[in-house]
Amino acid sequence: MTSDTYFANGAEVSLFEQAYQRNLPVMLTGPTGCGKTRFVEHMGSLLGRPVVTISCHDDLTSSDLVGRFMVTGGDVIWTDGPLTRAVKSGAICYLDEVVEARHDSLAILHSLTDHRRALYLDRADEVVHAPTEFMLVCSYNPAYRSSLKELKPSFRQRFVTLPMTYLPADREAQVVVSESGVDTATAQRLVQCATAIRTADRAFHFEPPSTRVLVTAAQLISAGATELEAADACILAPLSGDGAITDGLREVAAASLLGADAAGAQPH
Amino acid sequence: MTSDTYFANGAEVSLFEQAYQRNLPVMLTGPTGCGKTRFVEHMGSLLGRPVVTISCHDDLTSSDLVGRFMVTGGDVIWTDGPLTRAVKSGAICYLDEVVEARHDSLAILHSLTDHRRALYLDRADEVVHAPTEFMLVCSYNPAYRSSLKELKPSFRQRFVTLPMTYLPADREAQVVVSESGVDTATAQRLVQCATAIRTADRAFHFEPPSTRVLVTAAQLISAGATELEAADACILAPLSGDGAITDGLREVAAASLLGADAAGAQPH
Amino acid sequence: MTSDTYFANGAEVSLFEQAYQRNLPVMLTGPTGCGKTRFVEHMGSLLGRPVVTISCHDDLTSSDLVGRFMVTGGDVIWTDGPLTRAVKSGAICYLDEVVEARHDSLAILHSLTDHRRALYLDRADEVVHAPTEFMLVCSYNPAYRSSLKELKPSFRQRFVTLPMTYLPADREAQVVVSESGVDTATAQRLVQCATAIRTADRAFHFEPPSTRVLVTAAQLISAGATELEAADACILAPLSGDGAITDGLREVAAASLLGADAAGAQPH
Amino acid sequence: MTSDTYFANGAEVSLFEQAYQRNLPVMLTGPTGCGKTRFVEHMGSLLGRPVVTISCHDDLTSSDLVGRFMVTGGDVIWTDGPLTRAVKSGAICYLDEVVEARHDSLAILHSLTDHRRALYLDRADEVVHAPTEFMLVCSYNPAYRSSLKELKPSFRQRFVTLPMTYLPADREAQVVVSESGVDTATAQRLVQCATAIRTADRAFHFEPPSTRVLVTAAQLISAGATELEAADACILAPLSGDGAITDGLREVAAASLLGADAAGAQPH
Amino acid sequence: MTSDTYFANGAEVSLFEQAYQRNLPVMLTGPTGCGKTRFVEHMGSLLGRPVVTISCHDDLTSSDLVGRFMVTGGDVIWTDGPLTRAVKSGAICYLDEVVEARHDSLAILHSLTDHRRALYLDRADEVVHAPTEFMLVCSYNPAYRSSLKELKPSFRQRFVTLPMTYLPADREAQVVVSESGVDTATAQRLVQCATAIRTADRAFHFEPPSTRVLVTAAQLISAGATELEAADACILAPLSGDGAITDGLREVAAASLLGADAAGAQPH
Amino acid sequence: MTSDTYFANGAEVSLFEQAYQRNLPVMLTGPTGCGKTRFVEHMGSLLGRPVVTISCHDDLTSSDLVGRFMVTGGDVIWTDGPLTRAVKSGAICYLDEVVEARHDSLAILHSLTDHRRALYLDRADEVVHAPTEFMLVCSYNPAYRSSLKELKPSFRQRFVTLPMTYLPADREAQVVVSESGVDTATAQRLVQCATAIRTADRAFHFEPPSTRVLVTAAQLISAGATELEAADACILAPLSGDGAITDGLREVAAASLLGADAAGAQPH
């Protein structure tokens, strides 16, 4: 899937555009691999703005975002971080999994997400005012319920929140076909397999398989793997950290693939 | 809302002025988005003093506040931090969410908040005496009851404490109109929706929706979103970190909007 | 209250003088705002010694106290910290809330508090012998019973311990009058209000109101606030971190003020 | 075992090749010493790519992976880390026990494991695009169930996952012979001993003995140790951290070796 | 008490001499203020060796003990720490409260406390062999039972352990007289007061009063304080961190002093 | 005991030689002071290789082992750590109490303990291949069951594990005689005392007395101490961190010594 193909799932495109138009920051929520990153890239393309993506993690400091002083030739020179560069260039800055970042990284975003729309570089004693084109987008996966970290309500209320979810089955199959080159029947079987697991998932506590893993499986199939091998390696095996996929779940998955298989749709 | 419009809710303006007149520091308490930051900006404008805002977080050190030595050309030069600059320039220094700061950051404030009114820069071996114009204002949200951190009583007793809360419904609707350009009926429906959730909130443990999110929702509406879309994205979705808004709460919210809708007030 | 007015409460002045005479360090204990800092300033004035005050906090290192090496012109120069400067100049060094300091900060005090009366600057390979005029005074508030930190018994036994408490009511009212300019009747009502809360406090777990907050309230009153407004902002609101002052307590407070009010003593 | 001998156990070779062909990263899972590292070296040899191995641990920072600025002659020069060097040279980069790494190390891998296939060196303000030949391989042992750390589902879903396990007994004996020079009968007894413990292991909570420890034991035997001595030192003693190997387990092991011994197969 | 007066309590002097003679390190254990530091100073004087005292705390690093590289004139020069200086000069090095030190500080002592008697300065790539005169002495107070830290058995077994305790009452009174100048009857009353509390202490969990606090109290008395004032400030008040000395305990103490008082022995 | 006297207890010498011959790393396990360090020194002497000993602790970083960059004359020069020096010089590198080291220190050992036998200095971009003479030996005491740290099974399986224990009584007495100069009867009584405590130890949770403490006690005796004094100071007192040796245990110990004493064997 290149960044100029996007299969919209609801009103998210128009709401994103309206937020952009009114200079409001956006928060995307939803399960892993439901297309949040692709959506941001699509909107960047639609609005004609570059996208600067920053993967957040719990060692990410505010200095990593805004910049730091560095020694050059005996002097100390301020060097902008990726957020500061994004603000200055009027880009869409996308903070992926923002809940993982350290608190100082989140505090630095406050002045960017209210009427001030400015970045205060206290250490450099500089205020960077965001141009109209600049937009801040964050994402997080609310399904990580066990996480010790949670976004503070006061932080969440700074954003227009767009919940995202998986595509409907036929749309998802289209994506799988266009990304991997497999035929539609194979793509449909993979989607059916994913849907079966996603439904069963409420009982288990697995993170359900994403569209991404279906594409990956399809790519392996088009490279010569059997559907069962590909589903095992890309869909089932990553489900659980300790390999304890129940036999029941594996049967559910196999049924989706082999049921079709018996109908002669198996491509090799 | 620009910083020269402020809708006072009680005696907070006169008490703030009296504290300023007697050189006393002020602590603002209250829920997220009830207008603490706006109030400080308003008072700065009223008293003719610039406002220096510092968002506190748990990696904020005293050096971030008062300054540090930096290497320049082989020598070490002291560089003032934002608090020191605020003291020297006689500004109103506003420490937002001060409870988040590290203890060394709070200790540095002691000598500023008693009869000494001075900042002791031990590392630079310098004492900065605050001019009469300087004022320290802090804020925190006492609703974060689960927080591990709490302000020490001895710290709280150093401040004149002004509790703040939401505006009455009609005043809040006025703010929404003036900030977003929607008509009064729409603003009233949004306020009614927020009030319904704020009332229900005692049972749930959500941070109630702020005036800010009402303004944001209204801005989306004036950019073309339906009232339900805007309320969903700006009011309901941020309520809970795990997306588990009960259907009951969503009905409460929808009733405020659709009840009015049925009466023909829906603007699009 | 300027530092040359002190209202003694017991034998603390003579015991402090005897400790000074025998070169013994002193530990002051007692609730927030009962006058520990003022007492040290008073004794400094009485004994003709300058007072160096250091507010302790849990990021305070021994280097912050004794000094550190700093790079200047490519070389490393030792720079004395405030404790070292106090020892060298024969000052009274006052470590406020010493229980908050890190353990290395406390260990550095050992040799100052026994017969050696010397500061060992291991990093600088220097021993600073305290002149006879030097005196170490520490304080802490034993009411913070929930604190994880506690002073080690071996540390406490190094000090002459002087427990301090609030002034008797009439003395406290005198202080309020002399600090704020309100009339004696108002001051007495404020003291009566504080006494009522201090008595009720054993049931609640609030840090009782200090003399300092009475002075602050009186200053607001003399700047134009009503007694109830001032008592609310300065005495009641800081009592609890989560704003959960019981109505009962508020009634207790109001009774002290309004009872007098009914008698016609209300100044505005 | 040199890196050009590999005894395949299933479809892992073809699936690895298909992943390489489609530019997909691979995750190997399985018990300690089942041959993950050897497999990666084998595939490197098969695909004609060098292998860069990085042992992960919980102090491994992203700077350790991608590089850092270093002072040289007064200036600051960026120096590539092993991951950056692997990307630039189109190597197979193998992160052994990736679950041990710090989160910032994992976040740096995101852009390498999706359609971007690029390494964002934020601090150096450089983007390194991976050549087609570059491949990322990670491994972890899902049996460490007690570990506090777990790979996030969103991270696991970025990989084609190939579960690995022990070789079948006759293949494993072949490896032991070729690696150590012992005769086949001895190798079979060692494998039988290991298999007995691996079966018993479900009840105990020991990490089962790896092929590696069988090879080590065989090497000691060919250097003159008795089979029992070698099995004790290499197979039984490392099983448990506190030496509490039950007598039952030791009997199980001895039976495998001595049963054969009684049949006259003992080589010394 | 100057360092040349020591009142021996058992065989500790001869055992210390025997350990010194055989180059064995010594560990002193016992309650706060029973005279461990004085004993080490006494033995240093007896054996004609200087004593280097290091107060341990939980931020003490091995670099603080052995030394570190420091930048001087652009180069890096190794600077010995106090332990290294003690080893090189053949001093008695006394690590007070060694249990408080960080583990790397303890590990550095291993090679000094076995047959190697050497200090390995890994960072400086240097081995310092201790001269015969060098002796290592450590102390800790085993009464801190609640401490999270404990010395490892392997560490404790490296030392000749000499348990120390309080002097018998008449010897302790002699010390009080010689240190403070009070008359013998006063000293005896103070010792009797301490003994009463030490006995009661098993029920309470107070650290019992040390000889040091008796001397301090006696010094205050000879400076003019009453016995009750001095006992309160020096003996009773430091007993507990939260001031909760039971009335019963205070009566026990007063009885020792006032019983005598009634007999006319009160000196002022 | 000089490093050329060693009293072997089992097959550990031949197994160590066989491991050395096959380039396999060795792990020594066993209680404190059973002779692990002496054994390594003995084998170094036997194999004609120098021994580099590194005491591990929880602040030991991989940089402490392999080396670091240091500033010299404005440039940054790599300086080898003790492990790197040991590898380059073909020494036996002995990591004492390896379980205490930080995880990055253990990860650096992986490539040294498998077929690669190389040290990857990632920061210096250098690979040091170990010569045939190099050998890695680690030790740990599995009796520290309460420790939070444990060696990972995958790490333990990299080593030939040689469990060590105390010498038999007569051999241990010989060691005591040869190390201290006491007569055989005294040595036997000390060993009998230790054996009695080691047997009782299963009920108590003391680390049993090592051969080292018997030698120390004997050295004190030959310097003039009585057997009871020496046993108290060297054997009993270090048993427990809080001094709570039961009277029963002390009787057990005394019986071993005094029983013999009564028979006239007491040397002074």
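To keep things simple, chains are lettered A, B, C, D, E and F as they appear, and every chain counts its residues starting from 1.
Everything that follows uses one rule, which is that a contact is a pair of C-beta atoms (placed from the backbone, for glycine too) under 8 Å apart; a residue touches a chain by one contact, two chains touch by 3 or more.
The model shown is predicted, which means the values in this text are computed figures rather than measured ones.
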| item | value |
| --- | --- |
| Chains touching both subunit C and subunit F, listed by label | E |
| Furthest chain, CA centroid comparison against subunit A | E |
| Superposition rotation for subunit C onto subunit E, Cα-based, multiple of 5° | 60 |
| Distance between chain centroids, defined by C-alpha means - subunit D, subunit F (Å) | 31 |
| Intercentroid distance (Cα basis), subunit C paired with subunit A, Å | 53 |
| Per-residue multi-chain contacts in subunit B, two or more chains | 71, 74 |
| Going round from subunit D, first to subunit F: chain order | D, F, E, C, B, A |
| Touching residues (chain side subunit A, partner subunit B) in the complex | 11, 14-15, 18-19, 21-22, 24, 27, 29, 61-62, 69, 71, 74-76, 102-104, 106-108, 110-111, 114-115, 120, 122-123, 125, 142-143, 145, 150-154, 156-163 |
| Residue ranges of subunit A touching subunit D (in the complex, touch as defined) | 1-2, 32-33, 37, 53-60, 64, 70-74, 79, 81-82, 85, 96-97, 100, 141, 144, 206-207, 209-210, 212-213, 216, 219-220, 222-225, 229, 233-234, 237-239, 241-243 |
